[in-house]
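In what comes next, chain A is part of two complexes: it sits with chain B in the first one and with chain C in the second one.
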Partner chain A sequence: MSELTLERGLAAFRAEIDAPTAAFFSSCVHCGLCAQSCPFYLETGDPKYTPILKLEPLRRVWENEFTLWGRIKGRLGLQKPVTDEMLAEWEELLYDSCSMCGRCSMVCPVGNDLAYMIRKTREGMVQSGHAPEGLIAAASRAIKTGSPMGLQWKTLAVQIQHVESSSGLTVPVDQEGAEYLVLLSSMEIINFPEYLEAITKIFDHAGVTWTLSTQCFEATNAGIQIGNKDIAAELVERVVAAAETLRVSKVISPECGHAYTAIRWEGPNLIGRPYPFRVFHIIEVLDELRAAGRIKTEGKEDDRLSMHDPCNLARKSGVIQQQRNLMALVAENFVDLKEHGKYQWCCGAGGGVSSNERAEELKMAAFKRKKAQIEEVAPERMVTMCATCRTQLEEGLEAFNMEIPVVGLTEMIAEHLVERD
Partner chain B sequence: MRKRSDKTLGESLRDHGLSRRGFLKLCAATASLMALPPSMAPAIAAALEQARRPSVIWLSFQECTGCTESLTRAHAPTLEDLIFDFISLDYHHTLQAASGEAAEEARLQAMEENKGRYLVIVDGSIPGPDANPGFSTVAGHSNYSILMETVEHAAAVIAVGTCAAFGGLPQARPNPTGAMSVMDLVRDKPVINVPGCPPIPMVITGVVAHYLVFGRLPELDGYGRPLAFYGQSIHDRCYRRPFYDKGLFAESFDDEGAKLGWCLYRLGCKGPTTYNACATMKWNDGASWPVEAGHPCLGCSEPKFWDAGGFYEPVSVPLTLGPGTLLGAGVVGAVAGGGLATLARKQRKEEAGTRQPVTVDELEQKL
Partner chain C sequence: MSGSMEFLLWTKGPLFDIALAIFAIGLMARLVEIFMLGRAHNYAEPRAHEWPAGLRTMLTRTIADPGTFKRAPFNVVVGWIWHIGFLTALLFFVPHVELIRSVLGFAWPALPNPLVDFATAITILALIATLVHRLTHPVKRHISTVEDYLVWAVVFMVVLTGYLAYHRLVEPYPLALGMHILSAEILLVILPFTKLTHIFTAFIARWYNGAAFGRKGVQS
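Up next, the complex of A and B:
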């Protein structure tokens, strides 16, 4: 059986180097602003966590093999090669200390998209056998069982029963021709089953036709997180196949950040063809329903609420106003964190960091930035719309003995629906 | 016109009937002139009060006397006159009363009496050591030998005017007299350049005042010019700069833009590349300056300004390449760039071909 080797890793690096990458590396002015934007650097103070340094393996391959100067150095024997030892050292930098939150890409004065290159560099890390065990296990479970947490339909079926008995509504499954195919994340099914109940109620209230699919219920994409396009493409294909079988025109990505960017932005590029359907985040759908007057609410939360914007949703996808429109519907005492929307700070758990047990300490270090932001505003509860962010906020706030509960926005909307007669 | 140099400045000024109040006003003006904070005025007063008037020898070589003219255009309140009472001007072709051998004797005597302490001011360029010494002589001696003899025991040399500082007009191509600047020839003494064609009179006196107050030379830029006066470009301080920023340019000297006072950049203004104080200090008692009078800056305080292209050609327009050459170069560049891009794309395709897909089984081996 074939193996993952340094040579395969180098070939993957080469294959990832494209015109934007070359332009980015040659235009870096070494200003260090990316460090100032990175929660992992800022909260540890360790200069090795400077974002541009995390890209050194890819940069070295580019310099050595794609630049005139690098080739001249090669002739003179002055090149610094990329070795297995180097990649082993960089594994922590590329996986444990980067949530691909994209804040560095945002602030780079010459417009270098560092998060884009981190994603590319991880391709070479996987191929050379330097991906973290937690992510390898998640990727393999995702391919083999359909869920990165090893969850199967029968578990979901049990949750569906609970939802149906508590709400008195039917959860539609495999309904051909429905308007929306609803995807879930394993994290929600296990930790936040109230999400499924919430959308069941909201869609019933708004008169939306929707369905789950037994063929594919999982929205998350472990291939994106570990950084391998073969696995990522296979997981996207499963969603596309399920949507095509049920002939839906719209697919809804759940309250999960990376699942949305994976299926919404990377998906068609991964499979090399356009989708026969459109993709939305649940928050986008809810805001459209709100705008169309199809969601009627009563009463408002009166405690002081603030909100965490998931990086994938706000900074990377521009979904910023929608969640605020929805908050206005159900909260009368809402206050934004000082830096929010596209300038928000990462919770520290995204980009595969939360699936990588080894990164626990760094993950909590990075959370300190979010904690400081929350302290500044001092809300009674936090609202968010990503299961990974939500788990991280809950764990982090508990670790610092801050009694601030975290709620999902979709559930909060569901609680205020006007009861039908 | 030799003067006794044993009096202090304070004494000398009182002899001329300057009041204490007038003296302090002068010190405050001097402070602002040298871009020093107003709090320095008392320190300047104290220093000037005690300063001995240094002996100054002014040498004129290949020049037009414009620099001296500039200096003598002393305007109210005759600040320059006062400052000239600060020094003992022992030798100056145009201004001295003595002539012939007596004049030369005055120079030699001043050098002897003030050995190591006198200042030499030079205007005009000098035919270099390899040029025919007969190109420019004074009292039968070549400019070169007079300069070298005079600077030998000087404290410092001030090169006034662009000819002395950078070679100026005599050095313009083809430079028939082998003209050289003071700093080309004087290597072992401090040289301050006060370029300009001519320099602003207050800049000349300001440098002398600085030397008197602090007993040392002012801070200089890379061309040996005092930063206090040459630290900023004409363009950065130009009152027409807002028009440049808005893209409003006069296209000819009599168009609507010129009448409305728009930026003269396209008429060849060298303001962006010229460092001088004209835009702030102005000329003739602050009356006006070239750009205010409607003419672009010629760049006269910069090295080689005579050879830097036409005075009326804008600075960013190439002066030698025609449109045909440019177009040709563009085509060659496009073809070469396109070729390289195709090669790179081909290489990338091959590289992408060597990438192997990853399977879960391969991944699991690493667990």
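Up next, the complex of A and C:
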């Protein structure tokens, strides 16, 4: 990559400004309500974390170069320019204190989609050389090794062996013509190997044909988190190539929030063409199998369970009812958090915050909002369906000495499958 | 007296035409600036249509979700009160209805004066409350710019001068009315170049927001 400069950053900001962005900036009345939806503001009380303020670099480029009045101000020497110093200061606001959870986009009274613009602003931050080290490292590992954590197929191969010996089932690899290509996240492979075993059991039980691909197993997209279209598109192309090689008609994104929005909603636009396959989150697939009567379960969890909706899955992708249908299948004492579904609160770790070591303190501050929500309904265990959320919930609850285990929904379903004769 | 009458005629005549022209041209320019930018084609398979979701959000964002209302009741309630009060006075005061009829060629029935008077008084109080809130709430104080205070002052002057003129609290009357009309003209002139554009663009913004969430299967 050639040298990253302010000039390149400004060019990227310009390229990102579209009609929605202009309508959004034209409409902001500085009411400050977005702050009331942001866990980073609410839990720190620092007004610099007000969401609309995080977009100031993009807003200035819009005002200076895309409005009549801005151009007149330019002639009069009254413009406020975007400088390197400014971008250096904004790096923390755009990365460390924003998980792109999109809650502000849901409550802004004039209708501004702030998360959409944060995503755009990050493009300019990368090009001007103002992205966090942790995310740069993750993105370059993803490009070089295929995994943001530098994980290789041989690690996964070992895990496949474990799954096969403990379940007595075969994990299909590179099976051409299977219905589903299953993607995983490195975080899941390392922290939650039970996921792979769970889907192996469920798909065997439901008679689903599926496969992993040695060509590409990683679902996450570090290019989207950092805000770099080229990297993001390259990572999406790898998934498309693997799916095309194996001629699958459906691709499953794992228990990971951003991987799903990346591949489901941004992916086709990054590569500039529609996919020759459809994309589902594992929870959508499981709920379809449930509705079709292909998942038979027995017994129910009887402890008090609650659920954390990942932002990317619920608010940003409309998967809200499916996980509740599945919970009803296996839990008899389920209680929702008060604000859930499209109005859920972020765990604090998404949008690249968890890959950005520097943001640790802010990440745990933002978690306090989730913690308060959990305390309100006092569950014995939490269920979720995103490895990043799950890790954050586990670490956060542990940090506050709350003994509430966190489980993945897929593995909970797998535990209740009716044994076949 | 003759000086103030001249002032009034000047505000009602040439100044009104100029203000209306700047408003119309400025607003058109802003809308063109927005729509010319366009939107990239979206290749992702949608869950639902954009239009119905966009249209719904254009209306539904008028009401805060319960959680936001609980966290910022003052913001929501005072915002509502002054917007309704302002619109009541703007659109339903007898002379305003007549002005609209003379410009557009049609209008609607006005509301009784005492009702409009009450709405105006409430609006003045609510506007003062919004200013105090802006000056004291940590978030609002931090994000406020010169433009925010300028726009507040212009809106406040429009309502205040209207109230003073109606109650004959400033003499001579033509001066009071001229001040009111001049304030309204200043508002029209700055509207396309300040956050006052939200009067129009907020509905565009809401549509884009509702459409983007709607195609993903979420009513925003």
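The rule is simple: the second predicted complex is superposed on the first by the 420 of 421 C-alpha atoms of A that agree within 3 Å, B and C clash if a C-alpha of one lies under 4 Å from a C-alpha of the other, contacts with A are read in each partner's own complex, and residues count from 1 in each chain.
Assume a contact is a pair of C-beta atoms (placed from the backbone, for glycine too) under 8 Å apart; a residue touches a chain by one contact, two chains touch by 3 or more.
Every value quoted in this text rests on a predicted model; they were computed, and no experiment measured them.
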**Request:** Quick one: on chain A, after the overlay, do chain B and chain C clash, or do they fit? Just give me the call.
**Result:** clash
**Asked** In the superposed arrangement, does chain B or chain C reach more residues of chain A?
**Response** C
**Prompt:** Looking at the overlay, does A:G134 come into contact with chain B only (first), chain C only (second), both, or neither?
**Reply:** neither
**Prompt:** So, A:P39: does it touch chain B (first), chain C (second), both, or neither?
**Reply:** neither
**Prompt:** Touching A:I17 in the superposition: chain B (first), chain C (second), both, neither?
**Reply:** both
**Prompt:** Touch check for A:N228: first (chain B), second (chain C), both, or neither?
**Reply:** first
**Message:** Quick one: is A:E339 in contact with chain B, with chain C, with both, or with neither? Answer first, second, both or neither.
**Reply:** second
**Message:** Which partner chains sit in contact with A:P193 here, chain B, chain C, both or neither? Use first/second/both/neither.
**Reply:** neither
**Message:** Output check: A:G146 vs chain B and chain C. Expected answer is one of first, second, both, neither. What do you get?
**Reply:** neither
**Request:** With the two complexes superposed on chain A, say which partner A:P57 touches: chain B (first), chain C (second), both, or neither.
**Result:** neither
**Request:** State whether A:C28 touches chain B only (first), chain C only (second), both chains, or neither.
**Result:** second
**Request:** Across the two complexes, find the residues of chain A that touch chain B and also touch chain C.
**Result:** 17-18, 66
**Request:** Spell out the part of chain A that touches chain C in their complex, as residue ranges.
**Result:** 17-24, 26-33, 35-37, 41-42, 45, 47-48, 50, 52-53, 66-69, 105-113, 116, 264-269, 272-275, 278-279, 314-320, 339, 342-343
**Message:** Touching residues of chain A toward chain B in the complex: what are they?
**Reply:** 1-4, 8, 11-12, 14-15, 17-18, 66, 126-127, 129, 131, 133, 136-137, 139-140, 143-144, 228, 230-231
**Prompt:** Which residues of chain C touch chain A in the complex?
**Reply:** 26, 29-30, 33-45, 47, 57-58, 61-62, 64-65, 67-68, 71-72, 75-76, 79, 137-145, 148, 193, 195, 197-198, 201-210, 212-213, 216-220
**Prompt:** Taking the complex as given, what residues does chain B use to touch chain A?
**Reply:** 344, 348, 351-352, 354-367
